[in-house]
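Both of the next two complexes hold chain A, though its partner changes from chain B to chain C.
Our next item is the complex of A and B:
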């Protein structure tokens, strides 16, 4: 008789599993991507080695990747803090636009001679506040009427997108440069630009990493963070314990919106140097959702995962040069999302191939009917 | 009178409602089995690109729609494996379908020389009824001016209502969505029912996407659904998981989508960016209003086991 495949729920997933499974899922996603590339008539090895060269091989490639990782860390953190509480903020994209609109407003409105630290601080604050308020448009109905935040945050993305487009393409707003014939944003003064560290990499990366550390501390080392995680794991228990689910729902969504909006600030100030809708609509908010899922909502995990996804994204233009469809970048992101989501099964459950008849599981729990039934290999 | 603003805008709202209706009907059936699939936007994009490709190659509307439907099914089955078999978080799984669908459809749509981006629409969509009926004053363009797919959408509403409410299979499907443990005890295969319902949902979204590319837009562009799939998700909540109400809701959203066209005809000057916001603001408000309605628990109940994975062990 052959052995049986048994599915055994894990009581607790150790760090090896929690890090190992998403890592394995990344490998599987890259293999699936290779198969699709091969079907499309490309050489997967050539594609992947080009991607590596374009994103991680050499200092200038690395700075380009880190420049792109900067907003991704922030939108990844935005998604992670909300997902931690099982509040699904899908509105990072729109909150980012609001952050970009508010931050660029302050940068353009304050006197150009404002000291740089003051100027950047005001822009950051204005952007984060705008993002938090935009998120509250979904958070308040969620807290008071249990209105599905997935749908409300998502709908607000489209509203924010049209608003930003209108400011530059549809009107002669304060943000639009009146002198240029092609619609584009007014350029920010020098003191409103995040200084470059090296090449395209700017001070924003430091802000993003500090934000990751602060968020990790907040979630793991404070009682507020403990309550957030408890609400996510068992909302009913949290309610009985009097944890104030309603106020925390609003606080978490506002914080999430503020983090996503900081990505908008970082992009207008450090990269586009003005409100440029086309450059700002590059899926940074949505990619943050993938990042949070791959990092399993761990703020410190968000940083390396963001760098990895930035590496994939930044190499897209180089792929075009060797005749490979640049859309493979989005496809790979989707495959990663998919395999990591599937991998969650292997985090929650242990698969055991027992060689003979069913014996007691290693962890002492007796085998159940479901484990024995079905799947016989 | 048949080219008056009112009549033309009602007729265009009906056409714009059709892809939303197919996607929402599919999602209602998926939801009624207890599976939540947020990936409509991705499935519509897959249906859109595959349907357009099939139409381009065969010139047949039927083949384009079926191929598009199967494109949606292919993604829906991935969701079924993740959500039903592996029992992962259905929200996350659905979101992953959106990214996979937009990535894969863009990849397919831009592959090959020349790519589908520059391909012409191979399908000619004609009105079902003769011009004698179409030219009837007032009712002609509204009731008789459309292609066969629009009327199929209305038939699908009737069919879905009948199957869900009046047949043993429909009852079994709803039982799985309300109380899977009881359904299981009654001998219904929860897993099989949920796979089938999820696949039907994918087919509906795929047909909607294909109709969008071959009959409404007439070209393929990456990400061409631009949020219509999400409108369908909101519509399902608005309709309280009932096909009939989805029909009227789809017409309302179709009207909002065509509002720009209408106002242009009426020579009212509203910035187009604000017109584009309208369906999304409406969906946002509708979801809040439905949630805040004091009577909603009784009138507009979601399936009791919606988005809850089922495992015999957890009984």
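Our next item is the complex of A and C:
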């Protein structure tokens, strides 16, 4: 019998593995990136130090990075809560647009003199509600007819995008500023704008971090979250334990939609200050999916991953400033992210080169992790 | 058939899984032109033997010879090239492909006819020859289960199989389809093919086979000419002669009280839209262990799920401790007092990817002391877990470790610990000791039987007849979704039970009913 390469699920990863592996992956990514930069005729050291300066070195760089991270945290949370239950909400993008549409409507419709806390609270609530309802368009068919939510949520993105574009470019809607010749959204009154904390960083970052902590608490510490985790691990065990899988599916998708829509509120109120389709369509919803995967659906993990991704993005524009080709920049960003993501595999599994001859179980099913672990212990 | 040379001969075959023999020094032979029945309980080694013959497993020792030459198959394809084909109970077909496509799927290029049209006409000829009628251009999803099975058989014949292994072929078939199958099988046999018929059903084995080999606990319990034997003898070979000493291990002196679980005329549909359980009525009383004997797949799983509220009843009613639980759902059934150890430990009884503490709280996570006002009390959960780990001797847990990494015995103890720790009136345990070592199995059994002394009722399902006999005060026999017999411990007739389990000997009208059934509906 030849020795075989065998992938063995760890089932249990200590903190050394959980933090060591992503860090190691980052180093590997930087080394690979250095090779690409060198081939493209750039100085890797100059490039990396520019990236660091642009994203994390100094207060203004940090605030810029955090401003960019704000909506990513929220869409990352949106994906994480759904994925935790193995419901695949790919519709964060569209839910974000709905959040932006509803929040900006409330911001424009309420009297400009409405107290700021009340105004922002109403906008947040309206946005989150719109996102939740939009997600329910996919959740109800999923819960009752088992319609694949990947397809429905994805398709609803295009509907939401068309709706938002129509409101500004295709009609004289309430949102559109009639005084400007170029189609654009009405400016939000001052009380409907999330106050700046420093530079571009606004109160949205606080909302996002608080949402992350609340969501973590909800999933880890409450009996509701207990059910979500059970359903995510084994729907049959959940049913056996008397949990309502259907109602949880709808609740989780609605919550996911609400969180993605909060990103829409945060962008429209804190950044674009009006419904601006072009500025809002920068794949924030889709990026949240990647963030959730890398953060292993842990709400607290979503925050650093979002900041990391924002840092890579902010530093990208600066790299072009020092004459590095935009394709090389994109390649570098992709490479870093891909490597860190791929590292996940090594957190959950280890590789063994043992010559052991583990055969399949008597009933023809592949051996379980348990059996392999025992056989190779 | 006289004059035919022995085609397949197996000597001293042993196959180990993790050091445990699934089959142990088994001898077996198949002659051309015969149907050879292979019988045995679940876990007796039938599937393992067939998987070795069909090239899926490599034996650890022993020889397989074909027409006098020793062979060692490297793969199912290799076995197929030697003329051995297996038809699995669960079909290996691609739903969206046509019959012809499925038949050539996996064949090396040089063995594949050039055009699909050619395949179709060859399949049509084969189907005609053996009476296995099916449209070669139809897609698999359009076919009935019986037709799909014909495709599987044609697939093997197309590859030139001279020896066909049929793994419980009639389990999925209706009566007429079964007749058609055996017509085709006898055509094959007339042409000199050898057929191994793996079965649980006594009647069809007695009717159609030429010889019978019985496997029991991995060993050959005997090979016998069918015409020289009786169902009783075969049943005895399958299930063994339980000795009386074993039956009285658990004391019988305890008080039998009120009914705590009553089923009246319960009917349940199976996954394929047929009645899996038909008009089942019985009661479990306080202080009583009722054991359900039966070969797997006779409606036990569906009945368990119906009692647990996981499968809707299409008729009849279920009462648990004076609460009507008919179609009440899993939660209400649980709260009415049902503790349930399901057949499927990982995936139903436990959430495999989550840690032990989560699984201990699985059923009462939403009540005190595990949670208060919707917030989990992790300290309380951990305290209970530590207590149960100690009381039930659950080993191998590490903080935060997913339970699926624990051994089967410990998993089962953990489930039982959780279930018995919940408030309950009746325990439903399905295959509680399957796959466990002797010590763990005995520990589980004594926990279950101890329930009697607390004036609770127990309903236990097991494929191991010895175990049922060992534990139960009343034994019920299930066959094809019907309750075909009921015995008090002191009127036990093991031969009759063995026959009833394999669906022969007694018709339904002859069943002994030892408990009156509640009449409310």
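Just a few scattered comments:
We take it that the second predicted complex is superposed on the first by the 293 of 377 C-alpha atoms of A that agree within 3 Å, B and C clash if a C-alpha of one lies under 4 Å from a C-alpha of the other, contacts with A are read in each partner's own complex, and residues count from 1 in each chain.
Everything below uses one rule, namely that contacts are C-beta pairs under 8 Å (C-beta built on N, C-alpha and C of every residue); 3 or more make two chains touch, one makes a residue touch a chain.
Values in this document were obtained by computation on a predicted structure and should not be read as measured data.
Put chain B and chain C next to each other and count what each touches on chain A; the higher total goes to B.
Judged by the touch definition given at the top, the superposed model places A:36 against chain B, while chain C stays out of reach.
Contact with chain C, but none with chain B, is seen for A:230 once the two complexes are overlaid on the shared chain. Of the two partner chains placed by superposition, only chain B is touched by A:90; chain C is not.
Judged by the touch definition given at the top, the superposed model places A:221 against chain C, while chain B stays out of reach. In the superposed model, A:238 lies in contact with chain C only, and not with chain B. Taken together, the two structures place residues 368-370 of chain A in contact with chain B in one case and with chain C in the other.
Considering their complex, residues 9, 36, 40, 88, 90, 137, 141, 144-148, 150-152, 154-156, 158-159, 162-163, 165-166, 169-171, 286, 289-290, 293, 325-335, 337-338, 341-342, 344-345, 348, 368-370 of chain A touch chain B.
Considering their complex, residues 17-18, 22, 43, 47-48, 51, 56-58, 308, 310, 329-331, 334, 340, 342, 344, 346-354, 358, 361-363, 365-366, 370-371, 374-376, 378, 398, 400-402, 404-407 of chain C touch chain A.
By the touch rule above, chain B contacts chain A in their complex via residues 38, 78, 81-82, 86-89, 91-93, 95-97, 99-104, 106-107, 109-111, 222, 227, 230, 233-234, 237, 271-274, 276-277, 280-281, 283-284, 287-288, 290-292, 311-313. Against chain C, in their complex, chain A makes its touches with residues 11-12, 221-224, 226-227, 229-230, 233-234, 236-242, 359-364, 368-371, 373-375.
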